[in-house]
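My questions all concern the structure below.
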Amino acid sequence: MNAGAILTSLVDGLLIGVVYGIAAMGLNLIWGVMRVINLAHGALISLGMFGVYLLFSGLGLNPYLALVLVALMGLLMGILIYAIAITRVINAPYLSTLLATFSINMIVIGLGTAAFTTTPRDTGFSLGNVEVGPLTLQGTRLIAALVTLIVTAILYTFLYRTRTGKYIRAVSNNRSAAELMGIPSSRILALSFGIGTMLAAIAGGLIATFFSFTILSGDVYQQKSFIIGVLGGLGNPLGALVGGLILGVLEGVLPLAMPNTWVPVIEFVLFILILLVKPSGLLGGKK
Amino acid sequence: MSILLQVQGVIKRFGGLQALTQVTFDLPKGQILGLIGPNGAGKTTLFNTINGVYHPEEGRIIFRGQDVTKKMPYHLAKMGMARTHQIVRPLNELTVRENVMVGSCFGHENQNLSNAARIADETLAFVGLAAKADQLAGTLNVAQKKRLEMARALASHPHLLLLDEVLAGLNPSEVDGMIQTVLNIREQGVTIIMIEHLMKAVMNVSDRIIVLDYGEQIAEGSPSEIVHNEKVIEAYLGDPRLAERLMEEE
Amino acid sequence: MKQWLHPGFWVALLIVLALGLAPIFSQNAGLRETGFTILLAISMAISLNIIMGYTGYVSFGHVVFYGLGGYTGMYLMDTWGAPLPLAVLGGGAAAALLAFLLGKAILRLRGAYFALATIGVNEAVRTFVSNFKPFGGPTGIELQFSVYKQYGGAADALWLTYYGVVGIAVFALVFSYYIKTSKFGLGLMSIREDEDAAEVMGVVTPDTKTLAFVASAFLPGMLGVLFFFKNGNVEPSDAFRLGFSIESLVMIMLGGQGTLLGPVIGALGYQRLRGLLLTSDVMIGSLPLKDFQLVIAGLLMLIIILFIPAGLVGWLRQRFAWLRRILV
């Protein structure tokens, strides 16, 4: 094996990792703000995939333009889900929100399977390859990583530079104190769930530009999001990006040393170990 | 007089915060020790350190002749230490009787279920909750929940009972009832440490008093020594006249 | 033993016996298949209820015990020629061992962290088994037909597994009731209500929780062996299907967690509904209703969680105080 191949695996891993990171960021944001583990996350990633696929293959829209529409729909859908399934049980024991989000997962997957079956789909979209020195990189992956970084930057500006963003952080820190200061917490929670869902949809849409998928594919990325969540610190959105990079590198490099099928074993064992040793995540997060 | 509990040079820190500094005292069998101090003085932290919820950074705790510094709360419960919580912690979805049975089944005497049920009923009668035995604990009012805490602790027939503000939030007639209960418990030979904000009550029932301030043990002595102690007056009671008034009330 | 006279126990036992014995008396193979599915679901729900309903630790990965037990039993039969009863016990023992080893570690985690860890454990074991050569890796284990011959052929073997599942369901119910009315059960419920307060009262929580986890694990371990023996083969994706865990959770929620009767009623109701949906010939547009099975199950679950979180039995107990004496 030559150095070029290793470097390519590494950089490929980094590019994919960034996209994993944005999926996990959605999960982390929701956990951080309202202590809800969103088990519908995978289904929403799948919807993002189908959104881009349908707009591109059906209407011939540019995938990145489609992504903007998919992001908007994700935002609205998240707010809707919050209003229907979460708001009633937001203060109930955590089992309620876990099962409420899982029932949304079942409904979305069920409807998706009825509508789209589970035959794999492929957008067939390509931007060719980019040669950088000894590296050969897929254009779609490069753009996906770039889009992710832009979205992250926008999210951070929003969270740290706008009033609404500050409200979100205040609610995340201490909801009852935020309410005492007159922050409309239920609207902020709904918006946060919407943003979390939007990030899931964007991740799904980006993945659809370079991988084939079914309505069930989101599940895999949901589990990766969990792993990234504990790697980067549950509730810590920027940590998710770092966690995503770590996971991406592991997935890029580990197959060079062992059969591909052992990689998830390592990932899940790592996940359990981190949960046991430091549940707030390697990089620290919200307790 | 034999010593039931020894606390020797106990230091407890939370991060950079020193919650307890060199707390040291001996508690003879059969006494009531009052533990007073302003809010945040470390009284509940001391309880938590004595009964194994926290482990001290330095110092030793010796209970019934055994070093129990590193023991867990359930070890101490089995050795005969029982406590109540400042903020009541009823097992809401269990009945009042079942709550008390937990104390009897898993505490010092390790009773079986049928003995525990009998002991629970006796204890509930003793604290005046017999009529509520079949109700869910979650349906009790605050005063009743305080009595339930007491009953759970008593049902284990402990050697040492830690009472954390059992009088707080009670109305005057309830306070009198509870004080009588505490005195009755002592008559049964149970040693007691009580944290209390209600000065008159704690001065009346305690054999000795320890005053904590910012985690430091600033005074120790009989109730009358404590009210005349300069440091206590300065740190805790505020003005000297207040102390005099307190004594007059007795 | 006054507690064995409790009407709530007999109601539950009658339901399980009636379900279990009907196919045996009628010798009807169709009824037997339905009965197998329902009794398997009831036993799964009862076992999960021990750790979730009594102890308050919600496991999303309960299926890991079912899968690992199933694999162990199939391995014992396929490689070592073990007879079915021994394989069933072996499966139960393997599941119990896993629970014992994991218990002390992951039961330190509370709330959502525990739930996440159980998902992680199931996925870790699933991906590991997919790589584990003695268990056949990704293709799993398929039993030779000769294995069934010693039980008088496939038809008789099916009846044998059915007697097995009836036995396990009855045992599960008695076991669950025994736990609930024992001192151990009182300890579990005190942990569920307030773990720190329970510790202060002397409940040795790490050991008690681990024991509950083991008690909750060995039943699915045995059930897995029966199911995959009947099925003829076992694969990682069938054995460790997370959805099966969640279905068990839903059944418990439907009936009422922490009650003896709840998992029985919940499993029965859920499986009946599922059966109705699968056999219904109603069409929605151009699609048969059974394609919407998952959607309907999801909606049902959402409605329960939002409006009757205590489940049917829990709701009845809250609504009618006198029922508390009857329904345990």
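Each chain gets a letter, A, B and C, in the order it is written, and its residues are counted from 1.
Everything below uses one rule, namely that a residue touches a chain if its C-beta (ideal position, glycine included) is under 8 Å from a C-beta of that chain, and two chains touch if they have at least 3 such contacts.
As the structure is a computational prediction, the values presented were derived from the model and not from experiment.
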| item | value |
| --- | --- |
| Selected interface, A-C versus B-C, where C-beta contact pairs are more numerous | A-C |
| Most central chain, judged by mean C-alpha position against the global CA mean | C |
| Centroid comparison with chain B (C-alpha atoms), farthest chain | A |
| For chain A paired with chain B, centre-to-centre distance based on mean C-alpha positions, whole Å | 50 |
| Mean-CA-position distance for chain C and chain B (Å) | 44 |
| Chain A and chain C: spacing of chain centres that average the CA atoms, whole Å | 32 |
| Chain B residues within the chain C interface of the complex | 51, 53, 72-74, 77-78, 82-83, 85, 89-94, 98, 101-103, 105-108, 110, 112-113, 116, 152, 156 |
| Chain C residues within the chain B interface of the complex | 182-183, 186-187, 189-190, 192-194, 196-205, 258 |
| Chain A residues within the chain C interface of the complex | 35, 37, 85, 88-89, 92, 94-96, 98-100, 102-107, 109-111, 113-114, 223, 226, 230, 259, 261-262, 264-265, 268-269, 271-272, 275-276, 279 |
| Contacting residues of chain C [partner chain A, same complex] | 58, 60, 105-106, 108-109, 111-113, 115-117, 119-121, 123-124, 127-128, 130-131, 138, 246, 249-250, 253, 287, 291-299, 301-302, 305-306, 309 |
